[in-house]
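Take a look at these structures.
Here come two complexes built around subunit A, the first alongside subunit B, the second alongside subunit C.
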Partner chain A sequence: MRSDAVLNEAVRGPSGPRKHRMLPSWVATTALLLPTYAWLTLAVLLPLLTMFVFSFMSATPMGKAPITFTLKHYRAFIDQPYLLNIGWTSLVIGFWTTLLCAIFGFLAAVALARATVGRMRETLLILILLPFWTNGLVRVFSWTMVLRENGFLDNVLHMVSADTGSISFLYTRYAIVLGLVHGYLPYMILTCYIALVTIDDAIIEAAASLGARWWTILFRILIPMAAPGLISGAVLTFVPVIGSFMEPRILGGKVGVTMGTVIEDQFTQAFNWPLGAALSFTLLAVVLAIFATFSGVLRRGAAA
Partner chain B sequence: MKQIGHIYLLVVLFFLYTPIIVMMAMGFNESQLYELPFTFSFRWYDALLGNKQLLTAGMNSIIIAVITSVLATSLGTLAATALARRTFRGKSLLQLLLLPPIAIPWLITGTAMLVFFYWSGIGRGMHALLIGHVALAIPYVVLVVGTGFKTIRADLEEAAMSLGSTPIHAFFSVTLPLLYPSILGAALFAFAVSLDQFVISYFLATPGYSTLPVQIYSAIRKGFTPEINAISTLLLLGSMTVILIFARFAKPGDTSDKR
Partner chain C sequence: MTNVKVDTVAKTYGSTKVLTDISTEFVEGSFTSLLGPSGSGKTTLLRIIAGFIKPDEGVVMIGNNDVTNIPVWGRNIGMMFQSYALFPHMTIAQNVAFGLERRGIKGAAARKEVDRALEMVRLPGFADRMPKQLSGGQQQRVALARAMVIKPSVLLLDEPLSALDRRLRQEMQVELLRIQRESGLTTIFVTHDQEEALTLADTVAILDKGRIVQTGKPATVYERPTTRFAAEFLGDSNFLEGKVEGGAVRLASGTVVRTASTLPANGSDVTLAVRPEKMTISSGGSHANRLEARITTVIYAGPVLSYLLETPDGMAVKLFAQNKDGVVLKQGDTISLDWSPEHTIAVAS
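Entry: the complex of A and B
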């Protein structure tokens, strides 16, 4: 008892009940935030800044050649017109991937939200999302097993009719789009599903009881009301797709030349870092423009 | 109508899982050229045991994922605490700054890291990979832990403090135990993010130090053998297990309050 009091006094000081040594609150806040933001600065912000500077250099600053600053890498699209074609290819692949994901993903989300309940819905949702959180590279590799000549698809076909030729379409743009749809479909289903579950059943029942057909319900109620989910899903599919390089590389072979693979080449093969940096920043500008355009929808989606 | 919905969902699942299952099956097929008929064999898993390069890369991947998980979870939980419990100016800007690692294509982030790490003398290799992986995992941790904060009441902490607990003590004795499932979930998620990360690793790896996805990529480009199927199968099963455990802990979409 006595020693307890002494201890208390030692710890708390003689002035009775403990007083917190009150640091100003911003010190604690800063201490909590500093590690994370210092890390992000070092790993993301400074690199982006450095790459921006690099994109104006005349050559990769590794050899003896003197470095001057130039805008020529940003003129690459004019000086090397084939880059325009490649950029266009990337946009086309992005467009088709996003469109297919939107159509099939939205329908899957409708089916999830309207035809399943409880345990079954939860299980299905996890099963759909599971591949999305596994290695994308391995999933792309898996498609080569299906699409290659004499692969799974050909074998299934031969079981149906033995004397047809190969329908292998590995190393085509269709294969690239197929692999990308496979990669991003789960995400589209998730964003659409989140938007769809908030729709009140009563609205749909009311429409149905007033004689609305299913397509009227789909186009007049479900799609307009779930539009935020559809749009954020589309943005978050299109953006990574136009920056993809391993999918076109593995599934496209020789025809798989996109902005992504060209940028990859500048850093790993051609060793023209400034050009790669300028192309990366052009791509980043496109990405930021897309985010800026849809920021309102995306923020509402994040809040939901 | 419901039947059509169920059938359609089955078709979607079939589309999502067929290539993965075919790939896995081919790892157990005797033929080097993936020829059918299927002959069951562990040949390629045996070969894997002798493949030093892939095994080392696999070990590297696991080590990086563990360290990333610990670092990202610690830093991210601190930041999530400040973002969830404190009011200060510039909060929305800081929340916005969490987005680049998630939202900007990894190709851009990865090449930017390569350029900066080269220029600043940080270089490539294990430490560079760690810097990159932790940065990618932090936003997810903040997100998962931040969601956890929404389910526990701030006044429990305040009650503890008004009863004489210090803020730090209140955090460790009240908030942390309530938050523990979210933090564990975040740690698992960070582990999975790092284990599956390929793009960043690809630009920061060196010939002497690389991770499993980087090795798989270069093996695919050289012309693939069923050994890749075997190691890919193991990698997929590993990350699927981690994500399923995460789903049990963090219950995506679960809004039940822990009050």
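Entry: the complex of A and C
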């Protein structure tokens, strides 16, 4: 036995036994991932699951009413057809906000990534991020000051031509979209900027040397190459926008009834949490369906 | 197949003069290397010809057209970059067809041109692959096909082979030379690799501090450098400083050195350049020029042995010798160096 051990040692060398002290790699992987997943479970999965369970309850589980499980909240869109209109409004607002963010955000990102260097670029990036650091509510309310009748916009107009009437468009859908674009534009600029700065200058120069003018370079080179940035920017904008309630409420007034405000009402005014939860999950399903369709189209477009 | 002419071109960035009064002509069908250290302005000159940079002064002519105010996309140039610069989201065929599309050539006609171009760079059958699936050398060939397919007036190469490894680089040099000869395309090539410049080009232009210091055939520029900078930058040189005295040059040590170059008047200071490989270790015969020196270092580099030497008065001299018998001489040995006046070039310092 003894001589066997010595022989083993001699054959395997001193590195043989050291191997046994190393943990199998899956243990290390699990240990490293555990905190993240534990936190995700606690902070995301559990609340979501609670809401999911709520959405099947007959009443908010805080009153005296006896709780039964029901699917009726998921029939809200059938039972209350006006919700379809509201849902459609939300999607339209989401569509226009995302589209405008994509157009302005991409162009701003191109300017940032291609036309500026060093100090100038840093300063512009900070100016873009600045609205991020201000309170959202303050930002939205300041728009009412600009857009209301005899507000800043009207005053400027009247300085130029005193006789014209008001061009105030506060409490319209345009005002809602304007406020939302203002709020979500930085996401789009940043995601596009990150995608654009990785493009080698020589690629653009090669295109120009082959006879491409700026629009060809934009549509054939920059947009396809920065598509991942545009897509993640669109997701980061569209999802929160169709669930938003602050901008529609403050800038939309009477016309500002969206899925976001309806859901918020269920939680804060009507105290019907199950309906609010069911509407949220319905909205989530619609968003996922839209992205599933959209990503299929995009993938086919990229392959062509 | 066009002449390219640059006339009194100057470019300044802030207070730095990058190019000063550059006038030169790239003859139809020639292959010119712009050679110089970094910061010499060679890339700026290429980019001015391409149209990426507008010169502050001067005129750029392609053929009979003044293109100084024409942007890049209107100049009909073929360009290759160090980073290949293929469009990563397009197939090889789409990459090559990009320039054709800009010229309104589409469909079957374009396909035919693309196939012919890929054939020329020996990559037939690669049309439907993506750039990522190709090796560096293959990508550079596609870049060449893409530049050539539009039948450009001039081919501009910005260190196109610098990113390739040695063997691949040599292979691509041969390929590039073959395609350039076959097409007869005026080609301008920026490189900091002097061996590459000498191998490829039929004309070498040496730039220093924003000026062209010497232009000529590679052999002429190498054998007959006109300035100290050219003699030093292209290859290696020993420099001997002295005063003109009766048709020869007397060095500080008193040694008299003869030269075949034309010398200035008696008494003027002069710098002589001698290539290290033109000097031989004396075997006792009579040579016009001779120096005694002590070996300080022997560098063994396979086929060539380099000797670093020092003359009694402290001047450093370098000598390259063919490795015929291995290392025979060693550090500390004193030897005589012989060389002929033919190989002694008077240069402007």
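Remarks
Note that the second predicted complex is superposed on the first by the 238 of 304 C-alpha atoms of A that agree within 3 Å, B and C clash if a C-alpha of one lies under 4 Å from a C-alpha of the other, contacts with A are read in each partner's own complex, and residues count from 1 in each chain.
Throughout what follows, a residue touches a chain if its C-beta (ideal position, glycine included) is under 8 Å from a C-beta of that chain, and two chains touch if they have at least 3 such contacts.
Predicted model only: the values in this text are computed from it and were never measured.
Within the superposed three-chain model, A:225 lies in touch with subunit C and out of touch with subunit B [touch as defined at top]. In the superposed pair of complexes, A:109 makes contact with neither subunit B nor subunit C.
In the superposition on chain A, contact is made by A:216 with subunit C only, not with subunit B. Once the two structures are overlaid, the count of subunit A residues touched is higher for B than for its counterpart among subunit B and subunit C. Within the superposed three-chain model, A:208 lies in touch with subunit C and out of touch with subunit B [touch as defined at top]. When both complexes are overlaid on chain A, the residue A:200 reaches subunit C alone and has no touch with subunit B.
Shared contact residues on subunit A (touching subunit B in one structure, subunit C in the other): none found.
Looking at the complex, you find that subunit A touches subunit C at residues 200, 202-203, 205-213, 216, 220-221, 224-225, 302. Contact residues on subunit B toward subunit A in their complex (touch as defined above): 1-2, 4-6, 8-9, 12-13, 15-20, 22-23, 26, 34-36, 74-76, 78-79, 81-83, 86, 88, 94, 97-98, 100-101, 103-109, 111-117, 119-120, 131-132, 134-135, 138, 142, 164, 166-167, 192, 195-196, 198-199, 203, 213, 216-217, 220-221, 224, 228-229, 232, 235-236, 239-240, 243-244, 247, 252-253. Those residues of subunit C that touch subunit A in the shared complex are 50, 52, 71-79, 81-83, 85-89, 98-99, 102-103, 143, 146-147, 150, 156. The part of subunit A that touches subunit B in the complex is made up of residues 17-18, 20, 25-26, 28-29, 31-33, 35-37, 39-40, 42-51, 54, 61, 104, 107-108, 110-112, 114-116, 124-131, 133-139, 141-146, 148, 150-152, 155, 182, 185-186, 189, 214, 236, 239-240, 242-246, 249-250, 260, 263-264, 267-268, 273, 276-277, 280, 283-284, 287, 291.
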